[in-house]
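Chains here go by letter, A, B, C, D, E and F, matching the order in which they are written, and residues are numbered from 1 within each.
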Amino acid sequence: MRILVVNPNTTASMTETIEAAATSAAAEGTMIEATTSGMGPVSIEGYYDEVFAMPGLLAEIRRGEAGGAQAAVIACFDDTGLDAARSMASIPVIGICEAALTLASFVAARFTVVTTSERSRVPVEELVRRYGFASRAKVRVAGVPVLALEDPNSDAVAKLKMEIARALDDDRAEAIVLGCAGMADLAAALQREFGLPVIDGVGAAVKQAEALIALGLTTGKRGAYASPLPKPFIGMLADFAPPAA
Amino acid sequence: MRILVVNPNTTASMTETIEAAATSAAAEGTMIEATTSGMGPVSIEGYYDEVFAMPGLLAEIRRGEAGGAQAAVIACFDDTGLDAARSMASIPVIGICEAALTLASFVAARFTVVTTSERSRVPVEELVRRYGFASRAKVRVAGVPVLALEDPNSDAVAKLKMEIARALDDDRAEAIVLGCAGMADLAAALQREFGLPVIDGVGAAVKQAEALIALGLTTGKRGAYASPLPKPFIGMLADFAPPAA
Amino acid sequence: MRILVVNPNTTASMTETIEAAATSAAAEGTMIEATTSGMGPVSIEGYYDEVFAMPGLLAEIRRGEAGGAQAAVIACFDDTGLDAARSMASIPVIGICEAALTLASFVAARFTVVTTSERSRVPVEELVRRYGFASRAKVRVAGVPVLALEDPNSDAVAKLKMEIARALDDDRAEAIVLGCAGMADLAAALQREFGLPVIDGVGAAVKQAEALIALGLTTGKRGAYASPLPKPFIGMLADFAPPAA
Amino acid sequence: MRILVVNPNTTASMTETIEAAATSAAAEGTMIEATTSGMGPVSIEGYYDEVFAMPGLLAEIRRGEAGGAQAAVIACFDDTGLDAARSMASIPVIGICEAALTLASFVAARFTVVTTSERSRVPVEELVRRYGFASRAKVRVAGVPVLALEDPNSDAVAKLKMEIARALDDDRAEAIVLGCAGMADLAAALQREFGLPVIDGVGAAVKQAEALIALGLTTGKRGAYASPLPKPFIGMLADFAPPAA
Amino acid sequence: MRILVVNPNTTASMTETIEAAATSAAAEGTMIEATTSGMGPVSIEGYYDEVFAMPGLLAEIRRGEAGGAQAAVIACFDDTGLDAARSMASIPVIGICEAALTLASFVAARFTVVTTSERSRVPVEELVRRYGFASRAKVRVAGVPVLALEDPNSDAVAKLKMEIARALDDDRAEAIVLGCAGMADLAAALQREFGLPVIDGVGAAVKQAEALIALGLTTGKRGAYASPLPKPFIGMLADFAPPAA
Amino acid sequence: MRILVVNPNTTASMTETIEAAATSAAAEGTMIEATTSGMGPVSIEGYYDEVFAMPGLLAEIRRGEAGGAQAAVIACFDDTGLDAARSMASIPVIGICEAALTLASFVAARFTVVTTSERSRVPVEELVRRYGFASRAKVRVAGVPVLALEDPNSDAVAKLKMEIARALDDDRAEAIVLGCAGMADLAAALQREFGLPVIDGVGAAVKQAEALIALGLTTGKRGAYASPLPKPFIGMLADFAPPAA
């Protein structure tokens, strides 16, 4: 199996973290192709950054599909561009937020997402609602810039731990979901330290991608995810115009 | 008052329809500045097109705000890029879907949105849910390409009428919301013909923009809509990077 | 445009506050006719008072419509008698709660209503739910009798400010909605003081009334808001019987 | 036990139907006092009629409580004035809609309410939602004026049966709730004819009233249903002003 | 009337508490037959215990129905086995949780359930949601093992009172529901002490059973609760196989 | 990896169908141990059968865990006994309904479950709601007894196809979920025939089990799924009593 994992921000060092998590989760025989978006913001924090991460993300997925990838993972916890990617691609596409929440729901009746910064709180809360977990999951913010997770000297991990501790006490969380792809390397250690399931979305999404490939499932094309209609695109985004079928 | 109305697709003839509806709704003393996005798809049909309409839309809003506009209207029924626009702009931003649903809710307990094509059904249903009207509003599809609305020889209006008739019978609709900016010129005639409120989102949004300006209200910046953090954007979208404060 | 603004309680000094807010919000060319209900409680605090405010309110709307008003605003945050008014009147009718929540939803992803007293908490929570904002808005109580808002020597404003401060900290409110018509004069100063949007429903409703008039929209009469059937009313309320069509 | 059953419309013949149903449901030792409102509409069809039925209803409950009734039933399927009555009275108050839906939920996973006319459809749907049954119950309209139920020559019963038949086929209803107090005498025969539970709210509410009395339960007075504050009421409704405690 | 009240755990002393509450709630002429399950756990705390309480419970209901009981009450706050019992029995079946929540909803707009231990929190929250009260009711845990309620020397009652006090302050509860059959004897005293309605489910369910019997209502058999199909059951549970009709 | 797949009904031929689907979905290196419950009904159709399938199911899971299985799949679309199994086991447990709905949600915005018979419609609808898909998924019934799926001469497949065709037309389904473990062998052929994703829960659950094992995740034990408390169980189920820790 060949699974494309796209880091939709443009910071290659974060792609390394993501790739390591993806590879570690992959089954024997699964090849992970981790790639960094070639255009857009260096980190995705809030709605504005999301918009400008999408074209680069879609370009990577298109390229990956053409190169033989059988499924794609969007490695940003906002599930940036997920609906558009499902419309565009013939291969299935998985977001790390939906994948992580799903696995959490299989091991816990109540759980808490700990994400990075205030700009992401409401977007993540809306995803929790969209995916059907509003009555089971809470969202907390660690107060950590995304790129601080790449810096070993920052207090990011300490802040994250403090918020997990609060989730255990105040939310009665039975599992923790790490709300940023940049936290992917922390799951195992946090699980050991806190003694409850700690879920990283990157690994979770790789497993969902394997599931869809193994079962021969790909996005249904009769409704919301029908292929984009061929039409002209104007200006610097013209290359993204859907080709005539 | 100066209100910017952005057509986020790149078809200037549709902007004319939109401008006429906006101008006709505007109060005395309100100046409408209608503008067409300079990049992206010629019409917005489904999730993929939405992504590529957003940068051009945001560029127009930024330009409009710099030029003195006091509020912005996004004239596409998908409320394309609304959250990002609210984060970016200091002036308030209104989507035509949210504006139309709101006015419908003031004149009807149950109502139906009639939108263009199947690709838009689920996105509009999700907006209906997001805005809190899931138990009051239904979504119907007329089976009309967006640009057919610009073509006087198409059967677009006939199909739209057929679907309105079904909404009256099957949904017991007490009002109709026109689910595409390109239908803005049809509201008055349809209202006369069918004898119930027919709501165009462009006019509705202009009035909401006037309301916010008159009351001195603009987007709150303490949470989901905090201004984008200054950071580098890479590649052809680099010009969109938020400046340092 | 002529807009009727009815204070459904019988305290004329509160009508003055309401009239000032309405007038200040109105567009050039809009004439505000503020009126005080001629029967019922001197303030509306809880479900019981609401019942006895309704006949007087409906009488004022009927009188206003006969006198040429083109829309009516119900200036009590319980949206007292709104459904009945919509059934009775040919002109559109707006409640200040629905208008305020709507404008809040255009400038904030999360917001808080601060209302007067415990008797109003649940009624306002139920309105928040009815209007579709249950997942976005919280309700707080300042512990202030409605008529204390008229008394410059009371600690009403201090208590209101204390609760707004809590909403900012504990609810992460991005906007504040003032949950009583008697607070209409405080919005601008509170907005300046707290640095986030503060929304008064009276002004908000006037703008919605202008919107409906400008767009030629009035209540749909095919369902929930069909005109009352002609039938005898018995006893002291007999004058309210709907006339034969 | 003494239970007051108020017909909030002013048609005494309907009170007879209600009284018969109430008496037939009552336990040995329960005394039913059925009473007709002394003011307001002769039938309650839609939101407007409801408003003018409330003062007379509340007057009857006040009188009944003073006379020793231990619980009150509001015998109109709109649960007219229920919240106000709970605030005013020291004795518990039950609406026939909430009572009927509750018993239906004890004998059926899915059920359908058949009410009288289109004006009542949305109000009843909103009650179904308020009482928590939106995912389990549907509402149908028989197209029958309330007072036609009193007329043995009308086709009211035939129309009602036709709609029950549709509920069985199209809604897969496992029980039927009769959506009007005026249908109270039909439940037993319809249950025999259609072979599934058919629930009349009047009997249902009498049993709930008995339950509350037997268990020594009455309305909690710490929040939404706190007693009305003493304050002046102006005009012809002045007699309804709450007395100083 | 003959009402079977089954204690689905196997602790006879708890059945005595239940029987006393049931008898005290019953109308004159109602005969309570309280019975203890003959197999399964000595107390029901969490999902696992529930499973093994069900066969014994169903055996008691089958025996009770054969012996002439006209309705059955399941006296465990998890409403253990309720759906299966409704499918199996011809007589109506009531759970004490649904009965208690219902009566609470008739006397309070907001209320709190206080249950025993953490293992029961989520199951009870899910019942609150299932029965439609998610926006009105909260669940609290007293931290008391079920059987400690039988022990006069335990601090169970003290802990329960502490949690009720918190519900009054923090939840603004207008009524309290006792979330365990073993608390049935405490309702009256707690109601006096705290001055708000305190509802025991056993008494509540007995009254609902009387209601259904009096009104001639029993479980509808056309859908979810159709009688089990005759089929072989294998192994030690073979005796539970539904007989051929 | 070793994954236990339990058929909770006692029909060994259905276990063969299940085993084939599980094996075909499993990754290289995953060992499937399919097992048939040793007690209870020969098929599970409705709530009653579910109860008596649970003890045998739990016995198989306990045995499987003791024998080294690393995860368990419950191969009945009612997700029979899932909560109890999660409480009992240290290894993670997956239901085929939750697994199938999840994968459907990754490839379709709207989808339809086609289950066997009317007795299963409401239980499956309730699972759809519980898992958060109420606004995205519909449930249809093919009118097929579970064991007819084992009979090559029955018209079961024809009826199933008819219902899928209706789902495409009437529900606008973008994917189909097969609502019975006994349909597991049909997914691939139906997917080819209808040209949209068709999802079998057995394969779906095997992949989720692999995901949890690979990521080192198992059920959180701090809340709803805490291990059962040691306590005596009475009667023929005594062997199921949780041992002292």
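In this text, a residue touches a chain if its C-beta (ideal position, glycine included) is under 8 Å from a C-beta of that chain, and two chains touch if they have at least 3 such contacts.
Molecules present, by chain and UniProt name: A, B, C, D, E, F = Hydantoin racemase.
What you see is a predicted model, and the numbers here were worked out from it, not measured in a lab.
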item: Starting at subunit B (Hydantoin racemase), fewest touch steps before arriving at subunit E (Hydantoin racemase); value: 2
item: Chains in simultaneous contact with subunit D (Hydantoin racemase) and subunit F (Hydantoin racemase); value: B, E
item: Chain whose mean Cα position lies farthest from subunit D (Hydantoin racemase); value: A
item: Listed chain pair B-D, D-E or D-F that repeats interface B-C [over half of contact pairs the same by residue number]; value: D-E
item: Angular offset of subunit B (Hydantoin racemase) relative to subunit D (Hydantoin racemase) [C-alpha, multiple of 5 degrees]; value: 120
item: Interface sides of subunit E (Hydantoin racemase) and subunit F (Hydantoin racemase): same vs different residues, half threshold; value: same
item: Inter-centroid spacing, subunit D (Hydantoin racemase) versus subunit C (Hydantoin racemase) (mean Cα positions, whole Å); value: 29
item: Mean-CA-position distance for subunit D (Hydantoin racemase) and subunit A (Hydantoin racemase) (Å); value: 52
item: For subunit A (Hydantoin racemase), residues that touch 2 or more chains besides their own; value: 86, 109-110, 118, 121-122, 134, 172, 223-225
item: Listing of all chain pairs that touch each other, if any do; value: A-B, A-C, A-E, A-F, B-C, B-D, B-F, C-D, C-E, D-E, D-F, E-F
item: Residue ranges of subunit E (Hydantoin racemase) touching subunit D (Hydantoin racemase) (in the complex, touch as defined); value: 25, 27-29, 83, 86, 92, 94, 98, 102-103, 105-111, 131-134, 136, 168, 172-175, 187-188, 191, 196-197, 199-200, 203-204, 207-208, 210-212, 214-225
item: Sites on subunit F (Hydantoin racemase) touched by subunit D (Hydantoin racemase) in the complex; value: 118, 121-122, 129, 134
item: Subunit A (Hydantoin racemase) to subunit E (Hydantoin racemase) touching residues, read off their complex; value: 109-110, 135, 172
item: Complex interface listing, subunit F (Hydantoin racemase) residues touching subunit E (Hydantoin racemase); value: 10, 38-43, 45-52, 54-56, 58, 81, 83-84, 86-88, 118-119, 121-123, 126, 130, 145, 223-226, 228-229, 231-238, 240-242
